[in-house]
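Shared between the two complexes below is chain A, which has chain B as its partner in the first and chain C in the second.
Moving on to the complex of A and B:
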């Protein structure tokens, strides 16, 4: 019995190792090619390791950062991601608290509305969305977070509701007796207790906003504002010319911040997702 | 310091379920009062209404002289200890205790002095920097008490604070809370379903059933003179024995007969029940088995079959059958009775509790 279990575990480890290699392969390809000269990428040498003749060093990185407005796009992407995630976390956690604690038709209806919003495909609403965004002047990096709030609220509220239900109501009652008003109860007692969910929702939403290409392309004025995914696409240039080297370097630089964020908060992701799933 | 007055308080929930149909209660200043009753009797609801965590549907609630129906919990000058302790899990013990004072903007030095003072009383000093999850159940319980104490409230409200502790710790904490009450000289309102807690700690006990007060009295009075059959059955371990008996006129009083057993009694007020059947209650310790008692009481003796003899150390609980009635008797362990034996026991006629069969009120 123990032998069979051990064999199973070995097979599982092997399969998962192969799977993870499959997952890592494209990233490795991008990293490898970002270090090669333009010629070496566009010819059949794309799959070969860089050799002395094809190795470009950090040239592509320098060119990506210096010549293509990378830093400006990085700034926009950072601002949009941080503002959107912050707005989603504050608004959705408050909303989930209301939905969970105030029983009634309104809160039940709200909850279903949020859950329903998760299953509506983006492509279905994107045309009306871009028109509405223009109409409401939500087409700059400074206020696009409002649109992200709308799209991110479904998942966030769903996950927060699951966790708030596991917070004992007596703790909130104790804080009311201790002298808190509802706002203080939320920010001093409930929000700190939601930390694992805050981190996991924050990471999931940050990955989505950071990597999102479609929404900013539809909404933002491309001549003035470009986020990183838009910039990467911009490397394709006109007349079919593609600057593969700087593009690969740019993709590598883009991956780094979100990977760091993920690694810092990964232990909370499991906790937060599990709390939402099990107790929800 | 303050007393609490409930004047015709009712509580009806949104779904038209009435939990408290109308309650009048006067809790004196510095009194230790315990609300006791079976699950769903409205004791916790009453406590939560005093705390302000539940609205009062109608009636008037006073803490001291102040009408508090519409006063929020934080302005009632109360402190509450919850069954689940309800400590703030992200704060240390120190912060848990200091939180209410910080909200009141009490100077830092004074907060520190008060928290350390209370921590010393409750022997929590070594744990001030720990978070609640690093404490045992008993320590958490003491933090919950400490959090209430630092505020010097006019009223302490305790909602089944010991029910999550093991039996040994519960006994310890029971005496600690009683000592605390002596020391603080503050009004304590305590909710429990455990009648041992009620009997050992309370100045007065309020027995509730279906939201209606059955009796408010001292533990001794409640035990000796229960107002009705419910109170009689609820207070006391093992519970009081009940059986139906016919009232007959006897020499110098009345005789209660069931089957072939006849128990003489001098209880007053039985005239109007002559020839009728009433409910008779007798506490297990008032069914005696000692030779000395049997020799003295020639009447009121009964022959009993012992279904089960439970050895409790100092005494034996005898589960007996008499004339088809199942009864419990508490006899000294030296009697050496065993399951299956047939024993002769005597009922103490002066200790009978008689109840009207219809109203179940005490006769």
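Moving on to the complex of A and C:
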């Protein structure tokens, strides 16, 4: 019996290993092709390894960085993601604490609207939102974070509310009796307790903002500012003949930082996703 | 405490509420109003009543997108949840290398839809050309299955993580009790594990359902609706109605479609939440 079980688990491990390789293959394929010369990248030859004659070294990467403006897009993407997530974490945790602790029609109404906004598809507001953003001059990378705060508030407030409800209110009352005003109570007492949720929300929102394509495309002026997803789409759209080599290099350059961040913060990311689901 | 907190209300609420109004409430209300108008920008809107809705419901392209989206959603929701749950079962059996597998399966989730779309376009076109079939731009069947494979590849890892968390929360004594009572592994799965992870199933169904219906980036990057709008899903159809053609008649039509789409997504997800919530058991 024990022997049979052991054999079974060896087979299972083997099957899962093969499946993992299949899972990783698409990324490996892009890596292969990003190292080929432009002429060697063909539709039917995508699975072939680069050979001596078709090996281009890092040429495509240099071209992606030097002439395609990859670094600029990386900068915009980084700035937009960091500023938006920071803003979301601070403002939404404050808002969530207030609407959980102060009962009333205002709190209930806001909570309902936040939950509704999580389900509403972006297409519903895309046109009017981009016009509003233009009107209020919220159409540069430096202040698009206000829009992200507005559209990301639903998920964040929802998750924070779920957590605040499980925090005992007595701790906060004690700090108020000891002379803290609500702002001190929030930042010195509540926020430290919210840390695990801050990490979860931060990860979920960062994944969304970093990869978002449609919102920045409609809001930002594409001639001046391109985030990374916009850059990749731009490759396809407007260059006439698509330069496959630099595009593959761009895709790799986009994936590499994500993978590094993921491997470093894996524990938190996976926990964050699981926690987000439980709260939902 | 409530009283003291109330005086500070504006500080706590205003930043989020103002941004929420700009980013969601105002565009939403304006969008509903504009769906009854003819316009090219927000300011030249002229009220025309329900004409946009009539045209939207008579638009064969829109109806095709609706059925295409439904066909895509049903198959992808089933595949993703069944495979993700299966993987979660395997990965909670304390095999060697569980962490590595979990890491690998989750990874595609972090890559954005546009990038994923192009990766799979290259891969699927290569397979098709080696098999002597028409490429994605001319092959709607391949486009349909391509979207499903892509969606599975991206979402299975995410749902798997949620199912693993659910399975790990099943109390050990419950499993032991089942074993002592002589339940076969199959019975344990159906009678103990599944009812206990019902909350995870609810949330995974909700996420896959809304993700499938709202799918846009992947659709745009993988097929862009080719050939001839045959693989165009609802979100992309609305986007194209808005931005692909100039002229006063299109924006209102697009906005009316968007309202219908919004009602559809909200209604389906509410219905789904109700249906699976009722099957959850209290611990």
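Note that the second predicted complex is superposed on the first by the 229 of 280 C-alpha atoms of A that agree within 3 Å, B and C clash if a C-alpha of one lies under 4 Å from a C-alpha of the other, contacts with A are read in each partner's own complex, and residues count from 1 in each chain.
Just so it is clear, a contact is a pair of C-beta atoms (placed from the backbone, for glycine too) under 8 Å apart; a residue touches a chain by one contact, two chains touch by 3 or more.
Remember, predicted model here, so these are calculated numbers, not experimental data.
Applying the stated contact rule after C-alpha superposition, one finds that A:234 touches neither chain B nor chain C.
Legend: residue contacts after superposition of the two complexes on their common chain; A:176 is shown touching both chain B and chain C. In the superposition on chain A, A:165 makes contact with neither chain B nor chain C. Judged by the touch definition given at the top, the superposed model places A:211 against chain C, while chain B stays out of reach.
Of the two partner chains, chain C is the only one touched by A:98; chain B is not.
In the superposition on chain A, A:193 makes contact with chain B only, while chain C stays out of contact range. In the superposition on chain A, the chain among chain B and chain C reaching more residues of chain A is C. With the contact threshold set out at the top, residues 173, 176 of chain A are in contact with chain B in one structure and with chain C in the other.
Of all residues in chain A, only 9, 12-13, 16-17, 19-20, 23-24, 26-27, 29-30, 33, 43-47, 91-92, 94-95, 97-99, 101-103, 110, 113-114, 116-117, 119-129, 131-133, 136, 138, 146-151, 153-154, 157, 169, 172-173, 176, 181-183, 186, 207, 210-214, 228-229, 232-233, 236, 247, 251, 254-255, 258-259, 262-263, 266, 269-270, 273-274, 277-278, 280 touch chain C in the complex they form. Of all residues in chain B, those touching chain A in their complex are 51-53, 72-74, 78-80, 82-84, 86-90, 99-100, 103-104, 147, 151. Chain C meets chain A in the complex at residues 1-2, 4-9, 11-13, 15-17, 19-28, 30-31, 34, 41-42, 90-91, 93, 95-97, 100-115, 118-120, 122-123, 125-126, 129-130, 135, 153, 158, 161-162, 164-165, 199-200, 203-204, 206-207, 210, 213-214, 216-217, 220-221, 234-235, 238-239, 242, 251, 254-255, 258-259, 261-262, 265-266, 269. By the touch criterion stated above, chain A contacts chain B in their complex at residues 168, 170-171, 173-180, 184, 189, 192-193, 195.
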